[in-house]
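The data blocks that follow each hold one structure.
In the two assemblies presented below, chain A is common to both, partnered first by chain B and then by chain C.
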Partner chain A sequence: MDLFAGMDISASGLSAQRLRMNLIASNLANVNSTRTEQGGPYRRRMPVFGAAGTTDPRNGFGNAMDRELRRVQVSGILEDSRPGRTVYEPSHPDANPAGYVTYPNVNLIEEMADLITASRSYEANATVISTFKSMALKALEIGR
Partner chain B sequence: MIDLSIQGPDKTPIGSPVQASKKTSEAQGGEASFGEVLKESISEVNRLQEEADGAVQSLASGQTTNLHETMIALEKADISFRLMMQVRNKILDAYQEIMRTQL
Partner chain C sequence: MLAGLFDKTLGLLEKSLNLRLNQQELSASNLANSETPGYRPKHINFQSTMQAVMGKDRSGVLRRTHPSHLEGEGSESGIQLRLISESGPASADRNSVDMDTEMVRVAENGLLYNATVQALSRKLAILKQSVEGVR
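Now for the complex of A and B:
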(Lines of atoms letter the chains of each structure in order from A and count residues from 1; the text may use other names and numbers.)
(Lines give C-alpha, C1' and ligand atoms only; values in the text may rest on other atoms or scores of the structure.)
Protein backbone atom coordinates (compact mmCIF):
# COMPACT_ATOMS: atom_id res chain seq x y z
CA MET A 1 0.00 0.00 0.00
CA ASP A 2 1.32 3.37 -1.03
CA LEU A 3 0.02 4.90 2.19
CA PHE A 4 2.86 3.40 4.20
CA ALA A 5 5.84 4.01 1.89
CA GLY A 6 7.43 6.46 4.31
CA MET A 7 7.02 4.01 7.18
CA ASP A 8 8.84 1.29 5.24
CA ILE A 9 11.72 3.63 4.46
CA SER A 10 12.05 4.58 8.12
CA ALA A 11 11.89 0.90 9.01
CA SER A 12 14.92 0.28 6.79
CA GLY A 13 16.69 3.09 8.65
CA LEU A 14 15.83 1.48 11.98
CA SER A 15 17.19 -1.86 10.78
CA ALA A 16 20.38 -0.22 9.55
CA GLN A 17 20.97 1.60 12.83
CA ARG A 18 20.24 -1.53 14.78
CA LEU A 19 22.89 -3.39 12.81
CA ARG A 20 25.29 -0.54 13.53
CA MET A 21 24.49 -0.83 17.24
CA ASN A 22 25.18 -4.56 17.05
CA LEU A 23 28.56 -3.89 15.45
CA ILE A 24 29.42 -1.30 18.10
CA ALA A 25 28.46 -3.83 20.77
CA SER A 26 30.73 -6.35 19.05
CA ASN A 27 33.59 -3.84 18.91
CA LEU A 28 33.18 -2.86 22.56
CA ALA A 29 32.89 -6.45 23.76
CA ASN A 30 36.04 -7.44 21.89
CA VAL A 31 38.11 -4.49 23.01
CA ASN A 32 40.65 -6.89 24.56
CA SER A 33 40.29 -9.93 22.27
CA THR A 34 43.73 -10.92 21.08
CA ARG A 35 42.74 -14.09 19.23
CA THR A 36 40.28 -14.71 16.41
CA GLU A 37 39.55 -17.62 14.06
CA GLN A 38 41.56 -15.86 11.36
CA GLY A 39 44.45 -15.39 13.76
CA GLY A 40 45.69 -12.13 15.18
CA PRO A 41 43.72 -9.68 17.26
CA TYR A 42 40.10 -8.66 16.64
CA ARG A 43 39.67 -5.90 14.08
CA ARG A 44 37.11 -3.15 14.46
CA ARG A 45 34.09 -3.68 12.21
CA MET A 46 31.95 -1.01 10.67
CA PRO A 47 28.89 -1.02 8.40
CA VAL A 48 28.71 0.62 4.99
CA PHE A 49 25.30 2.00 4.12
CA GLY A 50 23.96 2.60 0.64
CA ALA A 51 20.75 4.00 -0.82
CA ALA A 52 18.48 1.52 -2.59
CA GLY A 53 15.26 1.92 -4.53
CA THR A 54 11.94 1.04 -2.97
CA THR A 55 10.61 -1.65 -5.25
CA ASP A 56 7.20 -2.94 -4.38
CA PRO A 57 6.25 -5.91 -6.56
CA ARG A 58 2.55 -5.32 -5.86
CA ASN A 59 2.80 -1.75 -7.06
CA GLY A 60 3.76 -2.38 -10.69
CA PHE A 61 5.15 0.77 -12.24
CA GLY A 62 4.01 2.91 -9.37
CA ASN A 63 4.12 6.65 -9.19
CA ALA A 64 7.01 8.53 -10.81
CA MET A 65 7.60 10.37 -7.52
CA ASP A 66 7.57 7.13 -5.53
CA ARG A 67 10.26 5.69 -7.78
CA GLU A 68 12.59 8.43 -6.57
CA LEU A 69 12.25 7.27 -2.95
CA ARG A 70 15.30 5.58 -1.52
CA ARG A 71 15.57 3.35 1.50
CA VAL A 72 18.84 2.55 3.21
CA GLN A 73 20.46 -0.83 2.84
CA VAL A 74 23.63 -2.26 4.29
CA SER A 75 26.13 -2.61 1.45
CA GLY A 76 28.62 -4.49 3.54
CA ILE A 77 30.53 -4.81 6.77
CA LEU A 78 34.17 -3.77 6.55
CA GLU A 79 37.08 -4.29 8.91
CA ASP A 80 39.08 -1.31 10.02
CA SER A 81 42.60 -1.55 8.55
CA ARG A 82 44.27 0.72 11.08
CA PRO A 83 47.01 -0.98 13.12
CA GLY A 84 46.13 -2.20 16.60
CA ARG A 85 47.74 -0.77 19.68
CA THR A 86 50.81 -2.61 20.98
CA VAL A 87 51.43 -2.95 24.68
CA TYR A 88 54.51 -4.34 26.40
CA GLU A 89 53.21 -7.31 28.39
CA PRO A 90 55.73 -10.20 28.46
CA SER A 91 53.46 -12.30 30.71
CA HIS A 92 50.59 -12.30 28.20
CA PRO A 93 50.13 -15.65 26.39
CA ASP A 94 49.76 -13.88 23.03
CA ALA A 95 52.86 -11.74 23.43
CA ASN A 96 55.44 -11.87 20.61
CA PRO A 97 59.04 -12.87 21.40
CA ALA A 98 59.90 -9.25 22.12
CA GLY A 99 57.15 -9.17 24.79
CA TYR A 100 54.69 -6.97 22.94
CA VAL A 101 50.96 -7.78 22.63
CA THR A 102 48.86 -6.38 19.77
CA TYR A 103 45.44 -5.40 21.05
CA PRO A 104 42.44 -4.71 18.75
CA ASN A 105 42.30 -1.36 16.97
CA VAL A 106 39.14 -0.45 18.89
CA ASN A 107 39.11 3.03 20.35
CA LEU A 108 36.71 3.23 23.29
CA ILE A 109 36.01 6.94 22.89
CA GLU A 110 35.38 6.58 19.17
CA GLU A 111 32.98 3.72 19.83
CA MET A 112 31.08 5.70 22.45
CA ALA A 113 30.68 8.61 20.02
CA ASP A 114 29.45 6.14 17.38
CA LEU A 115 27.07 4.66 19.93
CA ILE A 116 25.48 8.05 20.59
CA THR A 117 25.22 8.75 16.85
CA ALA A 118 23.61 5.38 16.20
CA SER A 119 21.09 5.77 19.02
CA ARG A 120 20.21 9.32 17.91
CA SER A 121 19.77 8.14 14.31
CA TYR A 122 17.53 5.34 15.54
CA GLU A 123 15.54 7.88 17.52
CA ALA A 124 15.24 10.13 14.46
CA ASN A 125 13.84 7.28 12.37
CA ALA A 126 11.45 6.29 15.15
CA THR A 127 10.30 9.91 15.38
CA VAL A 128 9.63 9.94 11.64
CA ILE A 129 7.45 6.87 12.04
CA SER A 130 5.47 8.27 14.95
CA THR A 131 5.05 11.60 13.13
CA PHE A 132 3.87 9.69 10.10
CA LYS A 133 1.36 7.89 12.26
CA SER A 134 0.07 11.05 13.91
CA MET A 135 -0.26 12.66 10.46
CA ALA A 136 -2.34 9.73 9.27
CA LEU A 137 -4.53 9.91 12.40
CA LYS A 138 -4.94 13.68 11.92
CA ALA A 139 -6.08 13.02 8.36
CA LEU A 140 -8.62 10.52 9.66
CA GLU A 141 -9.92 13.14 12.07
CA ILE A 142 -11.11 15.20 9.08
CA GLY A 143 -13.98 12.78 8.70
CA ARG A 144 -15.09 13.11 12.28
CA MET B 1 -24.14 9.64 -8.83
CA ILE B 2 -21.90 6.71 -8.07
CA ASP B 3 -23.40 3.26 -7.95
CA LEU B 4 -23.87 2.44 -4.27
CA SER B 5 -24.74 -1.26 -4.68
CA ILE B 6 -22.29 -2.56 -2.12
CA GLN B 7 -24.51 -5.38 -0.87
CA GLY B 8 -24.01 -7.61 -3.86
CA PRO B 9 -25.12 -8.01 -7.45
CA ASP B 10 -28.53 -9.52 -6.59
CA LYS B 11 -29.77 -6.47 -4.64
CA THR B 12 -31.30 -3.78 -6.80
CA PRO B 13 -29.54 -0.49 -6.20
CA ILE B 14 -31.38 2.65 -5.17
CA GLY B 15 -32.43 4.87 -8.08
CA SER B 16 -33.87 4.16 -11.51
CA PRO B 17 -32.89 0.68 -12.71
CA VAL B 18 -32.09 1.75 -16.29
CA GLN B 19 -29.69 4.42 -15.23
CA ALA B 20 -28.13 2.18 -12.60
CA SER B 21 -27.49 -0.65 -15.04
CA LYS B 22 -25.98 1.80 -17.50
CA LYS B 23 -23.71 3.10 -14.77
CA THR B 24 -22.69 -0.42 -13.75
CA SER B 25 -21.71 -1.42 -17.28
CA GLU B 26 -19.83 1.83 -17.60
CA ALA B 27 -18.05 1.09 -14.33
CA GLN B 28 -17.10 -2.40 -15.46
CA GLY B 29 -15.71 -1.05 -18.71
CA GLY B 30 -13.61 1.69 -17.13
CA GLU B 31 -12.85 2.10 -13.43
CA ALA B 32 -13.82 -0.38 -10.73
CA SER B 33 -17.16 0.22 -9.01
CA PHE B 34 -17.31 1.64 -5.52
CA GLY B 35 -18.30 -1.75 -4.13
CA GLU B 36 -15.26 -3.41 -5.66
CA VAL B 37 -12.95 -0.68 -4.37
CA LEU B 38 -14.46 -1.11 -0.91
CA LYS B 39 -14.06 -4.87 -1.02
CA GLU B 40 -10.47 -4.50 -2.15
CA SER B 41 -9.61 -2.03 0.59
CA ILE B 42 -11.26 -4.26 3.22
CA SER B 43 -9.18 -7.21 2.04
CA GLU B 44 -6.09 -4.98 2.23
CA VAL B 45 -7.00 -4.11 5.84
CA ASN B 46 -7.46 -7.81 6.52
CA ARG B 47 -4.07 -8.57 4.97
CA LEU B 48 -2.38 -5.98 7.18
CA GLN B 49 -4.15 -7.39 10.25
CA GLU B 50 -2.91 -10.87 9.39
CA GLU B 51 0.58 -9.53 8.77
CA ALA B 52 0.59 -7.87 12.19
CA ASP B 53 -0.70 -11.09 13.76
CA GLY B 54 2.09 -13.07 12.10
CA ALA B 55 4.70 -10.52 13.18
CA VAL B 56 3.58 -10.69 16.81
CA GLN B 57 3.54 -14.48 16.71
CA SER B 58 7.01 -14.77 15.21
CA LEU B 59 8.35 -12.26 17.75
CA ALA B 60 6.75 -14.10 20.66
CA SER B 61 7.98 -17.48 19.44
CA GLY B 62 11.48 -16.10 18.94
CA GLN B 63 11.69 -16.62 15.18
CA THR B 64 12.50 -12.96 14.64
CA THR B 65 13.94 -10.49 17.10
CA ASN B 66 12.94 -7.50 15.04
CA LEU B 67 11.03 -5.38 17.51
CA HIS B 68 10.46 -2.36 15.29
CA GLU B 69 9.19 -4.39 12.32
CA THR B 70 6.55 -5.87 14.60
CA MET B 71 5.55 -2.49 15.98
CA ILE B 72 5.34 -1.01 12.48
CA ALA B 73 3.19 -3.90 11.32
CA LEU B 74 0.89 -3.25 14.30
CA GLU B 75 0.72 0.46 13.52
CA LYS B 76 -0.06 -0.19 9.87
CA ALA B 77 -2.85 -2.55 10.87
CA ASP B 78 -4.15 0.03 13.37
CA ILE B 79 -4.19 2.95 10.92
CA SER B 80 -5.73 0.98 8.07
CA PHE B 81 -8.39 -0.39 10.42
CA ARG B 82 -9.24 3.12 11.62
CA LEU B 83 -9.49 4.25 8.00
CA MET B 84 -11.87 1.39 7.28
CA MET B 85 -13.98 2.32 10.30
CA GLN B 86 -14.18 5.94 9.14
CA VAL B 87 -15.33 4.83 5.69
CA ARG B 88 -17.92 2.56 7.31
CA ASN B 89 -19.18 5.42 9.51
CA LYS B 90 -19.51 7.66 6.47
CA ILE B 91 -21.46 5.04 4.55
CA LEU B 92 -23.77 4.42 7.50
CA ASP B 93 -24.31 8.15 7.94
CA ALA B 94 -25.25 8.51 4.29
CA TYR B 95 -27.57 5.50 4.51
CA GLN B 96 -29.30 6.83 7.61
CA GLU B 97 -29.63 10.26 6.06
CA ILE B 98 -31.41 8.72 3.07
CA MET B 99 -33.65 6.56 5.30
CA ARG B 100 -34.70 9.66 7.21
CA THR B 101 -36.01 11.29 4.03
CA GLN B 102 -39.69 12.26 4.32
CA LEU B 103 -41.80 10.80 1.54
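Now for the complex of A and C:
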Protein backbone atom coordinates (compact mmCIF):
# COMPACT_ATOMS: atom_id res chain seq x y z
CA MET A 1 0.00 0.00 0.00
CA ASP A 2 1.31 3.42 -0.80
CA LEU A 3 0.05 6.95 -0.50
CA PHE A 4 -1.83 6.68 -3.77
CA ALA A 5 -3.71 3.58 -2.67
CA GLY A 6 -4.98 5.57 0.30
CA MET A 7 -6.08 8.32 -2.05
CA ASP A 8 -8.00 5.73 -4.10
CA ILE A 9 -10.06 4.84 -1.03
CA SER A 10 -10.96 8.48 -0.44
CA ALA A 11 -11.67 8.86 -4.16
CA SER A 12 -14.18 6.00 -3.93
CA GLY A 13 -15.85 7.96 -1.13
CA LEU A 14 -15.92 11.09 -3.27
CA SER A 15 -17.55 9.36 -6.23
CA ALA A 16 -20.09 7.55 -4.01
CA GLN A 17 -21.14 10.83 -2.40
CA ARG A 18 -21.26 12.60 -5.76
CA LEU A 19 -23.55 9.88 -7.13
CA ARG A 20 -25.74 10.34 -4.07
CA MET A 21 -25.89 14.09 -4.67
CA ASN A 22 -26.84 13.46 -8.31
CA LEU A 23 -29.70 11.22 -7.18
CA ILE A 24 -30.85 13.88 -4.71
CA ALA A 25 -30.76 16.45 -7.52
CA SER A 26 -32.83 14.09 -9.66
CA ASN A 27 -35.34 13.57 -6.81
CA LEU A 28 -35.65 17.31 -6.21
CA ALA A 29 -35.97 18.14 -9.90
CA ASN A 30 -38.77 15.60 -10.30
CA VAL A 31 -40.67 16.53 -7.18
CA ASN A 32 -43.78 17.16 -9.28
CA SER A 33 -43.27 14.76 -12.21
CA THR A 34 -46.42 12.74 -12.68
CA ARG A 35 -45.33 10.99 -15.88
CA THR A 36 -42.38 8.68 -16.42
CA GLU A 37 -41.30 6.29 -19.16
CA GLN A 38 -42.38 3.35 -16.97
CA GLY A 39 -45.75 5.03 -16.44
CA GLY A 40 -47.03 6.46 -13.19
CA PRO A 41 -45.38 9.20 -11.14
CA TYR A 42 -41.61 9.47 -10.52
CA ARG A 43 -40.36 7.39 -7.59
CA ARG A 44 -37.67 8.62 -5.21
CA ARG A 45 -34.29 6.99 -5.90
CA MET A 46 -31.55 6.31 -3.36
CA PRO A 47 -28.11 4.65 -3.46
CA VAL A 48 -27.15 1.59 -1.40
CA PHE A 49 -23.56 1.74 -0.15
CA GLY A 50 -21.44 -1.32 0.56
CA ALA A 51 -17.86 -1.80 1.83
CA ALA A 52 -15.52 -3.57 -0.60
CA GLY A 53 -12.00 -4.87 -0.01
CA THR A 54 -9.08 -3.18 -1.73
CA THR A 55 -7.15 -6.36 -2.53
CA ASP A 56 -8.07 -9.09 -4.97
CA PRO A 57 -9.65 -11.83 -2.79
CA ARG A 58 -8.30 -14.51 -5.15
CA ASN A 59 -4.71 -13.88 -4.15
CA GLY A 60 -4.16 -14.28 -0.46
CA PHE A 61 -0.90 -12.36 -0.46
CA GLY A 62 -2.09 -8.90 0.44
CA ASN A 63 -0.57 -7.95 3.80
CA ALA A 64 -2.58 -7.79 7.00
CA MET A 65 -2.98 -4.05 6.68
CA ASP A 66 -4.35 -4.13 3.12
CA ARG A 67 -6.96 -6.68 4.14
CA GLU A 68 -8.37 -4.25 6.72
CA LEU A 69 -8.97 -1.45 4.22
CA ARG A 70 -12.35 -0.99 2.61
CA ARG A 71 -13.36 1.11 -0.35
CA VAL A 72 -16.96 2.20 -0.58
CA GLN A 73 -18.97 1.04 -3.55
CA VAL A 74 -22.49 1.68 -4.70
CA SER A 75 -24.12 -1.75 -4.55
CA GLY A 76 -27.30 -0.57 -6.20
CA ILE A 77 -29.86 2.15 -6.66
CA LEU A 78 -33.22 1.49 -5.05
CA GLU A 79 -36.58 3.03 -5.78
CA ASP A 80 -38.50 4.09 -2.72
CA SER A 81 -41.68 2.02 -2.47
CA ARG A 82 -43.59 4.36 -0.19
CA PRO A 83 -46.87 5.62 -1.63
CA GLY A 84 -46.83 9.05 -3.26
CA ARG A 85 -48.88 11.95 -1.98
CA THR A 86 -52.32 12.39 -3.55
CA VAL A 87 -53.80 15.77 -4.29
CA TYR A 88 -57.35 16.56 -5.42
CA GLU A 89 -56.95 18.21 -8.85
CA PRO A 90 -59.80 17.14 -11.14
CA SER A 91 -58.54 19.34 -14.01
CA HIS A 92 -55.09 17.65 -14.09
CA PRO A 93 -54.63 15.36 -17.13
CA ASP A 94 -53.18 12.60 -14.90
CA ALA A 95 -56.01 12.70 -12.38
CA ASN A 96 -57.81 9.40 -11.68
CA PRO A 97 -61.59 9.16 -12.21
CA ALA A 98 -62.17 10.35 -8.63
CA GLY A 99 -60.15 13.52 -9.42
CA TYR A 100 -57.02 12.69 -7.43
CA VAL A 101 -53.46 13.06 -8.82
CA THR A 102 -50.66 10.92 -7.39
CA TYR A 103 -47.45 12.97 -7.05
CA PRO A 104 -43.95 11.49 -6.49
CA ASN A 105 -43.07 10.20 -3.02
CA VAL A 106 -40.30 12.80 -2.69
CA ASN A 107 -40.13 14.66 0.61
CA LEU A 108 -38.36 18.01 0.19
CA ILE A 109 -37.14 18.24 3.79
CA GLU A 110 -35.79 14.70 3.74
CA GLU A 111 -33.90 15.39 0.50
CA MET A 112 -32.40 18.62 1.83
CA ALA A 113 -31.19 16.88 5.00
CA ASP A 114 -29.66 14.10 2.86
CA LEU A 115 -27.98 16.71 0.66
CA ILE A 116 -26.26 18.30 3.67
CA THR A 117 -25.04 14.89 4.92
CA ALA A 118 -23.75 14.00 1.46
CA SER A 119 -21.85 17.26 1.09
CA ARG A 120 -20.31 16.89 4.57
CA SER A 121 -19.11 13.38 3.72
CA TYR A 122 -17.77 14.67 0.42
CA GLU A 123 -15.77 17.37 2.23
CA ALA A 124 -14.40 14.86 4.73
CA ASN A 125 -13.09 12.64 1.93
CA ALA A 126 -11.63 15.64 0.11
CA THR A 127 -9.84 16.72 3.30
CA VAL A 128 -8.28 13.28 3.71
CA ILE A 129 -7.01 13.43 0.11
CA SER A 130 -5.35 16.77 0.72
CA THR A 131 -3.77 15.41 3.92
CA PHE A 132 -2.40 12.46 1.93
CA LYS A 133 -1.02 14.93 -0.58
CA SER A 134 0.76 17.01 2.05
CA MET A 135 2.18 13.83 3.59
CA ALA A 136 3.57 12.74 0.24
CA LEU A 137 5.13 16.16 -0.31
CA LYS A 138 6.60 16.10 3.18
CA ALA A 139 8.09 12.66 2.56
CA LEU A 140 9.90 14.09 -0.48
CA GLU A 141 11.69 16.47 1.87
CA ILE A 142 13.39 13.65 3.79
CA GLY A 143 17.12 14.24 3.77
CA ARG A 144 16.92 17.55 1.99
CA MET B 1 26.76 -1.98 8.65
CA LEU B 2 28.16 0.78 10.75
CA ALA B 3 26.56 0.07 14.07
CA GLY B 4 26.63 3.15 16.21
CA LEU B 5 26.41 5.53 13.26
CA PHE B 6 23.27 4.10 11.73
CA ASP B 7 21.77 3.05 15.01
CA LYS B 8 18.22 1.93 15.65
CA THR B 9 16.79 5.44 15.36
CA LEU B 10 16.57 5.48 11.57
CA GLY B 11 14.81 2.11 11.48
CA LEU B 12 12.37 3.11 14.20
CA LEU B 13 11.55 6.39 12.50
CA GLU B 14 10.92 4.49 9.27
CA LYS B 15 8.57 2.04 11.04
CA SER B 16 6.82 4.93 12.69
CA LEU B 17 6.31 6.67 9.31
CA ASN B 18 4.89 3.46 7.87
CA LEU B 19 2.47 3.07 10.77
CA ARG B 20 1.32 6.69 10.44
CA LEU B 21 0.67 6.06 6.75
CA ASN B 22 -1.28 2.88 7.56
CA GLN B 23 -3.32 4.77 10.12
CA GLN B 24 -4.11 7.44 7.53
CA GLU B 25 -5.29 4.75 5.12
CA LEU B 26 -7.53 3.27 7.80
CA SER B 27 -9.03 6.71 8.48
CA ALA B 28 -9.59 7.14 4.73
CA SER B 29 -11.34 3.77 4.73
CA ASN B 30 -13.45 4.73 7.78
CA LEU B 31 -14.50 8.06 6.29
CA ALA B 32 -15.25 6.62 2.85
CA ASN B 33 -17.58 4.17 4.59
CA SER B 34 -19.13 6.71 6.95
CA GLU B 35 -22.54 5.84 5.54
CA THR B 36 -22.15 2.15 4.75
CA PRO B 37 -24.64 0.11 6.79
CA GLY B 38 -22.99 -2.18 9.30
CA TYR B 39 -19.47 -0.76 8.89
CA ARG B 40 -17.28 -0.65 12.02
CA PRO B 41 -14.36 1.82 12.01
CA LYS B 42 -10.85 0.57 12.79
CA HIS B 43 -7.68 2.27 13.83
CA ILE B 44 -4.17 1.25 14.81
CA ASN B 45 -3.15 0.94 18.42
CA PHE B 46 0.01 2.92 17.73
CA GLN B 47 1.62 2.56 21.14
CA SER B 48 1.31 -1.19 21.41
CA THR B 49 2.37 -1.77 17.78
CA MET B 50 5.41 0.46 18.25
CA GLN B 51 6.31 -1.38 21.45
CA ALA B 52 6.17 -4.66 19.57
CA VAL B 53 8.46 -3.11 16.93
CA MET B 54 10.92 -1.96 19.57
CA GLY B 55 11.04 -5.44 20.97
CA LYS B 56 9.80 -4.65 24.48
CA ASP B 57 7.03 -7.12 23.86
CA ARG B 58 8.05 -9.99 21.62
CA SER B 59 4.61 -11.54 21.33
CA GLY B 60 3.86 -9.95 17.97
CA VAL B 61 7.29 -10.54 16.45
CA LEU B 62 7.99 -13.25 13.91
CA ARG B 63 10.14 -15.92 15.54
CA ARG B 64 12.22 -18.63 13.94
CA THR B 65 10.93 -22.00 15.14
CA HIS B 66 13.24 -24.21 13.08
CA PRO B 67 16.95 -23.67 12.35
CA SER B 68 16.49 -24.31 8.62
CA HIS B 69 13.81 -21.65 8.29
CA LEU B 70 14.67 -18.28 6.85
CA GLU B 71 15.27 -15.66 9.44
CA GLY B 72 12.56 -13.04 9.59
CA GLU B 73 14.09 -9.98 11.11
CA GLY B 74 11.47 -7.82 12.86
CA SER B 75 10.18 -6.90 9.44
CA GLU B 76 6.92 -5.10 8.74
CA SER B 77 5.17 -8.36 7.91
CA GLY B 78 6.59 -9.94 11.06
CA ILE B 79 5.02 -7.32 13.28
CA GLN B 80 1.37 -7.82 13.91
CA LEU B 81 -0.57 -4.62 13.57
CA ARG B 82 -2.56 -4.03 16.73
CA LEU B 83 -5.90 -2.85 15.48
CA ILE B 84 -8.71 -1.44 17.55
CA SER B 85 -12.18 -2.06 16.19
CA GLU B 86 -14.48 0.49 17.67
CA SER B 87 -17.79 -0.53 19.12
CA GLY B 88 -19.09 2.90 20.03
CA PRO B 89 -22.73 3.90 19.83
CA ALA B 90 -23.96 2.90 16.40
CA SER B 91 -26.70 4.60 14.45
CA ALA B 92 -29.80 2.74 13.28
CA ASP B 93 -27.88 1.24 10.34
CA ARG B 94 -25.28 -0.36 12.70
CA ASN B 95 -22.59 2.05 11.45
CA SER B 96 -20.46 3.53 14.24
CA VAL B 97 -18.20 5.94 12.31
CA ASP B 98 -17.99 9.27 14.12
CA MET B 99 -16.99 11.76 11.45
CA ASP B 100 -15.67 14.39 13.89
CA THR B 101 -13.45 11.96 15.83
CA GLU B 102 -12.18 10.61 12.55
CA MET B 103 -11.35 14.07 11.15
CA VAL B 104 -9.44 14.93 14.34
CA ARG B 105 -7.54 11.68 13.96
CA VAL B 106 -6.69 12.52 10.33
CA ALA B 107 -5.36 15.97 11.31
CA GLU B 108 -3.42 14.67 14.30
CA ASN B 109 -1.95 11.77 12.39
CA GLY B 110 -0.91 14.03 9.49
CA LEU B 111 0.88 16.37 11.91
CA LEU B 112 2.67 13.49 13.62
CA TYR B 113 3.72 12.15 10.21
CA ASN B 114 5.25 15.54 9.41
CA ALA B 115 6.92 15.63 12.82
CA THR B 116 8.43 12.19 12.21
CA VAL B 117 9.73 13.29 8.80
CA GLN B 118 11.30 16.30 10.51
CA ALA B 119 12.97 14.08 13.10
CA LEU B 120 14.26 11.85 10.32
CA SER B 121 15.66 14.85 8.45
CA ARG B 122 17.39 16.07 11.63
CA LYS B 123 18.93 12.67 12.18
CA LEU B 124 20.24 12.65 8.61
CA ALA B 125 21.54 16.21 9.00
CA ILE B 126 23.50 15.16 12.08
CA LEU B 127 25.00 12.23 10.16
CA LYS B 128 25.86 14.52 7.26
CA GLN B 129 27.55 16.97 9.57
CA SER B 130 29.66 14.26 11.16
CA VAL B 131 30.68 13.06 7.71
CA GLU B 132 31.64 16.51 6.47
CA GLY B 133 33.14 17.70 9.72
CA VAL B 134 33.07 21.29 10.92
CA ARG B 135 34.48 23.63 8.33
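Definition applied: the second predicted complex is superposed on the first by the 137 of 144 C-alpha atoms of A that agree within 3 Å, B and C clash if a C-alpha of one lies under 4 Å from a C-alpha of the other, contacts with A are read in each partner's own complex, and residues count from 1 in each chain.
Throughout what follows, a contact is a pair of C-beta atoms (placed from the backbone, for glycine too) under 8 Å apart; a residue touches a chain by one contact, two chains touch by 3 or more.
Keep in mind the model is a prediction, meaning the values are calculated, not measured.
Once both complexes are superposed on chain A, the partners chain B and chain C fit side by side without clashing. Contacts of A:Gly143 after superposition on the shared chain: both chain B and chain C are touched. Of the two partner chains, chain B and chain C are each touched by A:Leu3.
In the superposition on chain A, contact is made by A:Lys133 with chain B only, not with chain C. In the superposed model, chain B and chain C sit 40 degrees apart as seen from the Cα centre of chain A, a figure rounded to the nearest 10.
Residue by residue along chain A, chain B and chain C are tallied for touches, and C comes out ahead. Applying the stated contact rule after C-alpha superposition, one finds that A:Ile109 touches neither chain B nor chain C.
This overlay, made by fitting chain A, leaves chain B and chain C with a least C-alpha separation of 8 Å. Looking at chain A, you'll find residues 1, 3, 7, 143-144 touch chain B in one structure and chain C in the other. Interface residues of chain A, counted against chain C in their complex, comprise 1, 3, 5-7, 9-10, 12-13, 16, 49-51, 54, 63-65, 68-72, 117, 120-121, 124-125, 127-128, 131-132, 134-135, 138-139, 141-144. Chain contact summary for the complex, chain B toward chain A: residues 44, 48, 66, 68-69, 72, 75-76, 79-80, 82-83, 86, 89-90. Remark: chain A residues 1, 3-4, 7-8, 11, 14-15, 18, 126, 129, 133, 136-137, 140, 143-144 touch chain B in the complex. Remark: chain C residues 17, 20-22, 24-29, 31-37, 39, 42, 76-77, 80-81, 83, 99, 102-103, 106-107, 110, 113-114, 117, 120-121, 124 touch chain A in the complex.
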